[in-house]
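To start, I am sharing the structure in question, which I have written as structure tokens.
Labels A, B, C and D are assigned to the chains in the order they are written; within every chain, residues are numbered from 1.
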Amino acid sequence: MTPTQKIINDGNAAVDEMLVGILAAHPRHLTRSLAAPRAIIAREGPRPGKVALVIGGGSGHEPTFLGFVGKGLADAAAIGNVFASPPPQPAADAAMSAHGGAGVLFMYGNYAGDVMNFDMATELLAMDGIEARTVLTTDDIASAPKDRRSERRGVAGNVFIFKAAGAAADLMMPLDEVERVARRANDRTYTMGVALSACSLPQTRRPNFDLPAGEMEIGMGIHGEPGIRREALRGANSIVDEIMDAILGEMNAPAGDTVAVLVNSLGSTPLMELYIMFARVAERLDAAGLKIHASLVGPYCTSMEMAGASITIMHLDDELTRLIDHPCDCAMFQQGANK
Amino acid sequence: MSLLTTAGLVEIFVRLAQRMKDERDELCRLDGIIGDADHGIAMEQGTAAAAAAVAALPDTATLADQFNAAAKGFLNAVGASSGPLYATAFMSAAKMAGPRGAMPATETPTLIKAMADGIARRGKAVPGQKTMIDAWDPAARMAETFSEQAETSLAAGLAAMVEAAKAGADGTARMVATLGRAARLGDRSLGHPDPGAVSATMMIAVFCEGFAKAENAG
Amino acid sequence: MTPTQKIINDGNAAVDEMLVGILAAHPRHLTRSLAAPRAIIAREGPRPGKVALVIGGGSGHEPTFLGFVGKGLADAAAIGNVFASPPPQPAADAAMSAHGGAGVLFMYGNYAGDVMNFDMATELLAMDGIEARTVLTTDDIASAPKDRRSERRGVAGNVFIFKAAGAAADLMMPLDEVERVARRANDRTYTMGVALSACSLPQTRRPNFDLPAGEMEIGMGIHGEPGIRREALRGANSIVDEIMDAILGEMNAPAGDTVAVLVNSLGSTPLMELYIMFARVAERLDAAGLKIHASLVGPYCTSMEMAGASITIMHLDDELTRLIDHPCDCAMFQQGANK
Amino acid sequence: MSLLTTAGLVEIFVRLAQRMKDERDELCRLDGIIGDADHGIAMEQGTAAAAAAVAALPDTATLADQFNAAAKGFLNAVGASSGPLYATAFMSAAKMAGPRGAMPATETPTLIKAMADGIARRGKAVPGQKTMIDAWDPAARMAETFSEQAETSLAAGLAAMVEAAKAGADGTARMVATLGRAARLGDRSLGHPDPGAVSATMMIAVFCEGFAKAENAG
């Protein structure tokens, strides 16, 4: 079984070499201290009196997480090994460097490893008198039933949820407010994905699970965790309909409301296929009387070279609309003032 | 009276790192079925960092120093779920071993018990949830029964602890995960052993074999 | 041989369904007339007295071409079938809609099909008294020897070359000047790629050539055309060194000069690998005494789901630096004023 | 006197579209080796659009109208390299056929010649550059020799033109491309026939068989 084709050097060095490249490519956006090589700090954004939004998680999801570090969004990101939560130290280092004396909000996907590590980081920060709160993202509606929403995974909806919280912090809202906005954004964001292939870790270069060609896994997680069902691959409209039925069914937004839409590639699925999906998403939203206020299409929250896509819908209100439109200038995600 | 010395513990961590290096791909394979296929890498990198941290300590270091160094090394190399769990396990073992240059081999089962308690405290898992606890808990309970009845030999006691862990890990194949990554699979996790429980059994085996060896060397 | 995994409906309808999705996702950036469904026009940018920059080519390279349509860059794009030049009519329609009475500059990759179709479009426009000139991009240094540069293919360097010309037009330079800038930008842009897998057309879903696993094709074109050499896959640094040796060898820029860098994914190669490559590119540029002024990393000029990457270096001077920094707001590429 | 009628030409374009539909995957395979694997799709979509455009014409349409409609249909459906080439070929045949409802079957070889000239004019290729010209040119030259020596039968002449095209296309395997997409491969294009020449042979065969049939129907 020949290893998966990757352009890397030593698999064990992949994450650290990636970080060297990211800092070389985005010197005006990102920096880090030698003491904390896995804590990446925004050059602009962190300032006295501002709540520090610190995000983070495993590598392999780029541009999530550190692509969203920059003015108007996240102030820092703690980076782990591929598909592995960062240890407590980088998370604490990131918070220490980025905080402005107005508290820290940790935001990351709801995974056992992340919770344990970020909680240990919170303990470390408390010893230095720095208050850190946590809001977990739980937008993957395929990962647990509606009545056990708090057990759900955080996936591509991170993009909108972090964006809302980052904007609130950039508008110098206090910690209570930023936390309220973050929870509200999380509650109104719904994602479901479909995987068409596995992906491989740089160290093993072997597909992390076996999805036979001709099949797809509905509801798969962004670390290749199995989803709801595996079945024969269907056409784009049929796949989008199944996902939109589930999202619209749970979101239950009244006609006339507005939404933000993300059609996200899990890695190797190209823009052509994402826009074919978007055409159907737009049709379904129109039929439900929902207006699209903002759209993102492309690889935003990936699983390395996994084929597949996810659809995220955020049910907007006036506050979330203003925050989603708030300008930002991050290493891998820029948005002008005139949305 | 046979002792577990700091030299002996260095040896044990070296063997632990080698064992996890050999088992990397199998553990990744298991974790690929119900998780995200990285557990083998986490255990390889974690135990390598722990062994390096222990080896780097000065000769004056105590057993507690060694376990604490191993904890810090493992945690900072790994993160993920296994990082905090094994860091807490080793810190708990450090408190049990105490600031001594050596400890009676007959007390070593309490180290297994301490590690299991640390994992339960950090992860809040209970037996039956298809986690590494389902290997550590049986081993810890066997460790307790050993210290109460003096007449079983240390070697037999340690061997029984490894067997208990193995049986526990095999049992996870018949459990539905309710904690951690695999919990989201519902009954689709049935029929597959939990990778964390399988690697726990390997670690417990390396520790117990090392403790038994300390007895002969004594 | 199971077909390549794609999320599409009918393969023949892929391009048109994609366009519906693109217009639905970017209503504030793009529009088209019913009469010319394959001519996509920028909502902002075209204006009286401005040279109209019209780009275009086959589909399957997204975000190239229509992702660069918008204020500050291209005024319109003519879209063809997958890997096929657009016919003359959409090219002529695009120019007719976007021109401001100051002439039209067609810019596209140097391929036989494109030249024939855009030349026929030029004939159609002449009949309506509209002057259209053409500048072909020829940045693929692997596609012909240096002394036959005019025979080279246009590949990912399109991004920088179009950007320079678009900025010149946006600064209301006359046609002669915009053409001069475009040729100069093309002459100073060097690209070479490496493919790690084939890709499939939506209609056949069969790999368009057979690249055995474990091998790579150095110098492959963006339509899967064979390159210079096929050999065993090597590590990232070794691949980057071969490409940079070729680029630096030909570019021969004196130490102290500045460059723009694009590490481009051909489709499924993820950001982690691109940034690992970027780290080595930065090392080689530093060793050559060249400063990086601007960097782009990601899927900019792709071949659907092909695995692989290309490196583009543009040898900047004061004029090109200003033009590369010029702000733009396109459907799939935004750049703020403060570079 | 046997005639190629507008009804006959409609029939020919229907058969041409069917032939290219059947050959799609083989032509894509050939174009994948030295090009970008889309030639079969271009020819399928182009000939389907041409046939539809011709079929949609009113009964009063002339042979010239039919060829011009085919040209516009093919061009707007395809673009790429084959679009302009075959659009120009059909427009050239339209001029040759003229605004007639029918033309003597014996003149049909001049249509092949006209198409070849159109392709040469638009693409500026000459024989030996590994393009579709290497099939069209031999057929066109055979068409010229036919009209000069009256004694060969139309059927034999048309068949000879198809053979000449086939021989030309096969010959492209021994050529190095110096024009179009494959030109960048240098000698790596050797040993592989040019897909455009192969599809040209198929088109010439459908036209010539159609012209021959017109003769019997006459």
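The working rule: contacts are C-beta pairs under 8 Å (C-beta built on N, C-alpha and C of every residue); 3 or more make two chains touch, one makes a residue touch a chain.
Quick caveat, the model's predicted, so the values are computed rather than measured.
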Problem - Intersection of the contact lists for subunit B and subunit C - result: A
Practice task
Average the CA atoms of each chain to get its centre, and name the chain whose centre is farthest from that of subunit A.
Solution key: D
Exercise for the section: State, to the nearest whole Å, the distance from the C-alpha centre of subunit C to the C-alpha centre of subunit D. Expected result: 33
Handout entry: Euclidean distance of C-alpha centroids - subunit B vs subunit D, Å
Key = 75
Practice task
Express in whole angstrom the distance between the two chain centres, defined as the mean CA positions of subunit A and subunit D.
Solution key: 54
Problem - subunit C: positions in contact with at least two other chains - result: none
Practice task
Name the residues of subunit B that each touch 2 or more other chains.
Solution key: none
Contact graph of the chains (line, ring, star, complete, other): line
Practice task
Pull out all the chain pairs that touch, please.
Solution key: A-B, A-C, C-D
Exercise for the section: Using the touch definition up top, name the residues of subunit C that touch subunit A in the complex. Expected result: 2-3, 5-10, 14-15, 17-22, 24-26, 59-60, 62-63, 67, 194, 196-197, 202, 213-214, 216, 233, 235-237, 239, 261, 263, 267-279, 282, 292, 295, 297-299, 302, 304-305, 307-309, 329, 332, 334-336, 338
Practice task
Give every residue of subunit B touching subunit A within the complex, in rising order.
Solution key: 24-25, 28, 32-38, 40-42, 45, 75-85, 122-123, 179-185, 188
Completion exercise
So, in the complex, the side of subunit A touching subunit B is made of residues 12, 58, 80-89, 111-113, 116-117, 120, 143-144, 151-153, 201, 203-204, 206-209, 221, 223-226
